[in-house]
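Paired with chain B in one complex and with chain C in the other, chain A is shared by the two complexes that follow.
Let's turn to the complex of A and B:
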């Protein structure tokens, strides 16, 4: 999380209007979902990798690591689609293995579905990760404001974002304190410490919200949090790159 | 016993061992990467992605109405809700000792529903999921509807139903444990169902596919539900002894 957070504020695409980046990402997402061909997913993944490392100047390894974060879900769920299990397997399966009384099998059709699924999810995730790595939440909140999301929700989202980091810091400090006093030396201790940590974190959150309320009240808070609108720049090259990516995906769909 | 049958039996034992080894490796691996049961971006076909958004929408509207009401009654609620969202998010980043030995992450929605009520959790759950997608790259935007239904609606509703149904006659620890553990369990059952509906088994249909997904994820999610239940009981006990005033003002405990 801190890796993502460090890069998202320090990449070259940071100052570009979040609406343009989000539009590109949503377009690629929609293409991945609607065209639904393995080639399209792989091309989208490659394009997003190139955009984030060449256009936004992120280290190439970072994008790969963020993409891998969802790997465990992908592997488990794709295995679930590709494989079937039962006591008896139907005719016409291409691969079968017996595990005790159970038969585990895969057919050509199910492997094909799994392949479609894996590449589509990979393309979609890559598109999302591009947004995750180039657009800080502050800009997303600004985007939500332009989309006329109710202001109560926007306030809660913006405050939640700030509070997450405050609480993570408390969590870190408390965890270190417990750890240095052998709080996690055995399973029993670890369970006890985790329970204490969770409860103190709640009390900490509650009291901080009270203190912040007092601080805001004493500064004339009337129920709305006002902030300056940040100024963004428009990057023409992103439009050209986006158009090129769209064209590649469409060609990928037609050819393969 | 003839040699052929011995070889066949050895082969079967071999497969069983391999399956067991894979299972253990899977648990260790899932633990190290911290599996969150969120459907990832691009995993649901457009139809199902839209359908789950449509199902989540009325709950979001109800939740929004409740949030507006809370804020109108009491301006402090705005900050408290934001802290509740952050608390749920950070709780899900808490490494929890799990029964299988590896560490896992609680969902925190059971505790949230007990403390803040189930209607608010559809909004808070949605916000937490948005943050997990945008800050941790877990889950996704097109699957936000489906994930909200499992984590922000079904889980909290189950927790709330169990808690309010049991709190007056059962021991508190049991009510809390079952509320949190069942919320976690049903969140994962809902996710398995969502996957099964979108990808039915070619021979056995939705039911077979559901059993398949449920079995695959049970390996990580059942121990997780149990440890989340235990953790929630411990948190709640600690809260009752150290923060009775806060619990009372949230109307969780009487007097």
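Let's turn to the complex of A and C:
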């Protein structure tokens, strides 16, 4: 959360119209899903890395680290698709490993399916990562507003985002208060303290929501969390890069 | 002349509480005044503020906005909130938006202003509070002092006639505190009213035009700092040993000889503030023998007076 947050407010792509970035991202996402080739997914990852590091000027490692974290979940998820286990294995499997009485096997077919799944998902994830790493929540909210999403939903998104940080802060403070009085000195204490902290956090959030309501009312709240419409710039280079990425993905589909 | 806002015999008990929080509070707010509200924790300062803004509705008594009784329908409440703004004690309760500019524009847009007018007001308030460089920042990445200034700016951008500030000073460093005090001073200088709840007696004595003392849900007195701080009775309400740290401005015998000397002993009288003539603070001379902590440097408060008095 904090890693993303640090970079999202300090990158060159920040002021660019979020609709343009979102259009590019959706296009790449759609191509990954429709073309369904491992190469397309990998090319999409490469392009998104280029866009975030060279176009938006994020440190080169950031995009990689975020994608790696998500990729490792993905590998675990598709491992189940590629591998099967049992006491007896069917005919026609390509690889078998015996672990005691258990057999673990995979076939060309299952590995191929897993590879398709993984790369397709990774390409789409990379595309969304690019949006998330270069677009602050305010701009995403503005985009949702333009898409005519009901304002109740948008307000929930906006408030939730703010409250995540407020809750994290309270959590930190309460944890420190407990820790400083030996609340986590033994396993038993830690379990008890964590339970107290959880219930306390719940009460805290409830009271805070009441205070928030008061503060909103005092500034004339009438059921809509209004804000100024931000102004954005248009960056033509994003369009050319988007076109080049699309072309590359299509060529990737044809050639490989 | 009618006061901008007047509270008359306001009584209020929080649901589920046995003890009332306000038991007939009277207060009148005129334009161009800086008012410090003093009083112990739980004396009802915050509750009083919430009434001024129409958040709480009195169980008994009445509010008047520019002489007209306040009704509690939607339109009247919006009118009241257009004129009276509150800066809450904890800025985190007030800042709900992801970005500073979004938060500051919330109030002005609720007043029905256009985007152009709202953004003009946001810019103006941001300049006043010196947070122009923070406008695009996320709210959660601000320091405490920055949050306090953003919260203040969000209320200033609504251009209210009265601004109520609830104990924000305690967590601010002296520089931040001074900056906020001077913003509030400028605000009052434009004919508007500032009400500041505080526990800082030195601040009340030097910065405020009027001091209101609250106790047990009532406003005991509203008067100039001179009068409040020369009353032994009032000083007794302001805290233990406050008579040592803030000895009467005139010695008791002088006050008795002075033509209007009886004001000093009976300041509890009306909730109507006396007009302030002449300098807000007389130069202070602290009789050292009455102040066991001063070690002969009895003009500490006098220096403070010069610094905060703009």
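Convention: the second predicted complex is superposed on the first by the 254 of 256 C-alpha atoms of A that agree within 3 Å, B and C clash if a C-alpha of one lies under 4 Å from a C-alpha of the other, contacts with A are read in each partner's own complex, and residues count from 1 in each chain.
Operating definition for what follows: a residue touches a chain if its C-beta (ideal position, glycine included) is under 8 Å from a C-beta of that chain, and two chains touch if they have at least 3 such contacts.
Source: prediction; values computed, not measured.
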item: Touched partner set for A:62, first chain B, second chain C, both or neither; value: neither
item: Touched partner set for A:31, first chain B, second chain C, both or neither; value: neither
item: Which of chain B and chain C A:39 touches, first, second, both or neither; value: neither
item: Partner chain(s) touched by A:212 [first = chain B, second = chain C, both, neither]; value: both
item: Of chain B and chain C, the chain that contacts the larger number of chain A residues; value: B
item: Partner chain in contact with A:174 - chain B first, chain C second, else both or neither; value: neither
item: Partner chain in contact with A:161 - chain B first, chain C second, else both or neither; value: both
item: Which of chain B and chain C A:199 touches, first, second, both or neither; value: first
item: Chain B versus chain C as contact partner of A:127, first or second or both or neither; value: first
item: Contacts of A:51 with chain B and chain C, given as first, second, both or neither; value: neither
item: Residues of chain A contacting chain B in one complex and chain C in the other; value: 5, 137, 159, 161-162, 166, 208, 212, 216, 221
item: List of chain A residues in touch with chain B within their complex; value: 1, 4-5, 26, 29, 32-34, 36, 41, 66-67, 69-74, 76-77, 79-81, 83-86, 90, 97-100, 107, 109-110, 113, 117, 120-125, 127-129, 131-132, 137, 140, 150, 152-153, 155-157, 159-164, 166-168, 171, 184, 187, 190-192, 194-203, 205-206, 208-210, 212-213, 216, 221, 223
item: Touch list for chain A against partner chain C, complex; value: 5, 9, 136-138, 141, 158-159, 161-162, 165-166, 169, 208, 211-212, 214-222, 225-230
item: Contacting residues of chain C [partner chain A, same complex]; value: 50, 53, 55, 78, 81-82, 85-86, 88, 90, 92-99, 101-103, 105-107, 109-111, 115, 118-119, 122, 136-141, 154-155, 158
item: Contacting residues of chain B [partner chain A, same complex]; value: 12, 15-16, 19, 26, 29-30, 33, 35-43, 45-46, 49, 64, 67-68, 71, 75-76, 78-87, 89-91, 93-94, 96-97, 111, 115, 123, 127, 130-131, 133-138, 140-142, 195, 199, 201-204, 208-209, 212-213, 215-217, 227, 230-231, 233-239, 242-243, 246
